């Protein structure tokens, strides 16, 4: 029974790491293929630098906050 | 059975549209009455222009955001 | 039965207020002890004035809002 | 080796059925429409993704939880199972979304010109004629719809997502996927579906009619209106009270001015959270056996008909009103009565500008637009009432 | 024709009972108080609206879900049914709100002057004398309250909404509507109820007492205090641990400085969402048979008495402390011990300014004010413990 | 007098068992680590507090609700009971958090250099060797772990909290407290655990390797990637679909650009709310009988081993890749493959700067870092599949 436990552990190691490596290796290939296809056919301008998120800067500011800021600044300018 | 299905559909059309029109026609009258009564007795200044929401501009800005904006502007003014 | 109801009410008053006073009196002592110990051993600078919360001013402004404000002000300054 | 077989046997490819593959493609197609074409993305992104998740063979997103005799959980249910049963089967999610929509709705233009409520009523003709179309298809043996199915299909013509989901989850839950997809897709297609109908039914002169500026509306009117509507619903049409009650509650929170923090959360965090889960839950009903059949084609076709008839009815009603009154309305705003807020109002504005570049109809069209929301909620109530008794 | 009869039979007017009509008016009255008079609108707007919804005849907001023998849903429950059973009957909503209140509470003034905890203790006398009043009314056959009812009525005097709802949902759920309405209404009436009592029990000289400025409080004290309170509760009064535990958890998130995003959500989206549903759920208990009776009149009367006695006890306790110590406190801040945060502290400040326009008592009154929250949570714990054993 | 006895009997001190006292100290210890030492405070503050609450004698935070024969509630359950059974036992909370993590994840660096996925794969060796270690301890009779326990312990090496909680709640719920605490503690200790191993396995020249700047990544790639990953998971490894499906959903909402309001709520209000309750729910499993035993010591020891082996495997894999390719990677970024986002990537950057002050590895290390999240979710899926069949 106990040696079967060891055997189960070995099975997990073998099939587990096998699956992880197989899956991620496949993902490397598929990702490269995807990027190549997408960038060829989508033919879109390269607008984003790697490492910068799609949602940066003022894009995540909600309109009402942006409006409030604008209002505050207008007011500030008017007050001078 | 099937002709009863048609009959049911006709019933739905008849009573359904009847109800919708009756209800909304009634609502037209009740709304007009309501507006007349409210504007007569509430006798409040007409502060909101139709089409502009009750919550516009800085009204929806939470105090802490407004405070932050104010702080930022004060800081900005101080920095100059 | 009914007089037992009165008795129960009196019991609640007696044991209830007794517990409330005992507990809060104990809390007075424990709080004073706690403050003394903490301020002796934590030996930290006294950075907060009583009555002002730990989270005041710009501390509660989320980074993205602060960033937006900064961006707005920079833009405003640039526009002049 | 057994493990290898077990792994293979549990892989998606080994278990995959053709229907699942097609449905995953349908899910990807919905995502394409939502992301690339801008079709109501707030709902179609979660619905499309939910469709894919629900059709992954062996992933168990729809799994039913298993309990032993003592009530202890043996295996948990899937995410989509819990979402569907807790939020959609109970009707909670559509109602909470309606509360949020109420908190985002401005009744000002409607209050300034209450007669536009009639345009919102007229546009619901699309709902009921489509019911008739569905039972007709069934009568002639072309497709197989019960009266409950037909009622749910008709409500697509209400052009109001939560209303359609609420009615369908009560009357015909098996059709939920197809009906929700049709409703949101056609709402997105309003700028394509409506203009030809609007132009066909109006003369350039009619399209150029200028409407007088809307009167100012007081804060008190805005506060009292949702309560008035609520009382009227309570007295006359309690079946519409769940939808319209929550709608009025949201609107009262918005307008009363003393619970802004509640209104703000209702319009943001709360409606966003519920929208995500509502979409995923609808997607969980997009299974091959329920979606890949002739009935779905029928639903899509009938839904388009419903939108067209609703649009036409709204425009014709506006023309009828003009023939009876000296205070002319531009018949284009009648098309906004289908709701599809605020898309239909924008379409009316755009078609109006083509006829007269100085004629801004947007605000005038917002009245029938929100009236259409009330109209289809009323239609939903009466439908549930009548069909339940049939 | 049958359909017409069915529609009429299901209309609100045909089904309306007088009690429902009166309760809908009560709901409108609560909305009036909340919106026009500013009575605790964050709770009374949802409670008032929930009252109307729950009393719409035939709308089914309170409907119980029906399942067939296999556990499949035949008809869903109503929105208010789900809210009440999931959030109020379980005690979850009041506890989550207490967590939010903890995250919004500043213990600084209390830490600077811990003796003010005694003022928070004294003000709870109102709770227990009101219990005695309720059993007295029952003893003399005037009204019919059990000891569980009496305990729940007493807790109105705690001037703390979630505590009152938590206790009542455990001990006397039938009284939930009346007690919640009384608690929030009197909290809103604090500026009217308290000043005459405060003036009657103090001399102008006492009202003019200036208190020394509060000492600075360190961040470490602020962090350790909720943990200290928690441990003391755990050791001595576990029955108060649900309420005070969540309160301390919220406060620790606030003060510890490393989980600001959690604290921020707790103070905003989370507490707002739960407040909306708590209010609606309380409203669902506002039915004619439970609200329109002599007991409700008794509850309202006893609640007012509880507030008055609590206010008086706090003031008298402050005077007693002054007679025993050279470090004088202004007796007005004793009135803040009933909690009703921050209203009661503002009232103390205002009455103090009348006596001495240079004397700002607000910060000094915040100590007993938050002490009152602790005091009534302790009273709630001991009440639940004792009453459960009776 | 009876009441006095009842009050005393129900006090914490009278009921306190030694185990509870120790566990409350453990809870305070976790709070100390979280607040004072900055150990993953977002999770450890709620877990620590939940530990204290769950161990208050007589407070009933874990109480099971009691219903009478008709299904009416006789006494409600405790807060932690509801949280655990609704959110953790069902797997909902970890899945929602994974959605939020997906919405916060930037796949840009990974897309720019997909080969770093292999580093994320290699680091999972720590998981499976730890499983072997656990069954070894069991085999030699030192500790008593089943294969389900061993699999859950191994997943600590995934350095990913929600994954560990998801797997453990399915395979070995009794170990949930110990495993979650170990997982989050070691994630916090990454800056201490990893650098010595990284230095031992690399030469200064290797640590100084400069990597070429990452290529720009298009918006289209970012949108298509989560869908690609989803389809691959669906086809090959449906057992990983719950975790990776929700992860991809969150990421798609983030990147698609048309549902920013949903993405924003997912990253803020929703994930914050669920984090609070997840932490409290995990804390509820921290009872003396489940935590204070030799197995917990074994779990903590094995968890540390798992982190070390994972780190070493990542670094060695990078060296292996260098020996097979001319396009060199700095082996330090291999250590980031354990995930622990973004801590491990920062550690790689820091150790790299020691070797070459001009060499910024942060962006390069983000690739393996997020690959590690995918890797451990895959490992979790295969583990659940295989262990369920054993």
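Labels for the chains are A, B, C, D, E and F, by order of writing; each one numbers its residues from 1.
To be clear about the criterion, contacts are C-beta pairs under 8 Å (C-beta built on N, C-alpha and C of every residue); 3 or more make two chains touch, one makes a residue touch a chain.
Quick caveat: nothing in here was measured; it's all calculated off a predicted structure.
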Graph separation of subunit D and subunit F (steps between touching chains): 1
Chain whose mean Cα position lies farthest from subunit D: C
Centre distance in Å when subunit B and subunit F are each reduced to the mean of their C-alpha atoms: 46
Whole-Å gap separating subunit B and subunit D, where each centre is the average of the chain's CA atoms: 18
CA centroid of subunit B to CA centroid of subunit E, Å: 32
Multi-partner residues of subunit D (at least 2 other chains): 3, 7, 236-237, 257, 261, 264, 268-269, 382, 386
Multi-chain contact sites of subunit A, meaning residues that touch two or more partners: 11, 15, 19, 60, 65, 69, 72-73, 76
List of subunit C residues in touch with subunit E within their complex: 2-3, 5-6, 8-13, 15-17, 19-21, 23-28, 30-32, 34-35, 38-39, 42, 44, 46-55, 59-60, 62
Subunit F residues touching subunit A - in the complex, by the definition given at the top: 106, 108-112, 114-115, 117-118, 120-121, 124-125, 127-129, 131-132, 134-136, 138-139, 146-147, 150-151, 154, 214-222, 224-225, 228-229, 232, 236-237, 254-255, 257, 260-261, 263-264, 363, 366, 371, 374-375, 378-379, 382-383, 386-387, 390
In the complex with subunit F, residue positions of subunit D that touch it: 3, 6-7, 10-13, 15-16, 24, 28, 31, 34-35, 38, 41-42, 45-46, 49, 52-53, 56-61, 65, 73, 76-79, 82, 268-269, 272-273, 275-276, 280
In the complex with subunit F, residue positions of subunit E that touch it: 85, 89-92, 95, 170, 223, 227, 230-231, 233-239, 241-242, 245-246, 249, 252-253, 256-259, 261-262, 264-266, 268-270, 382, 385-386, 389
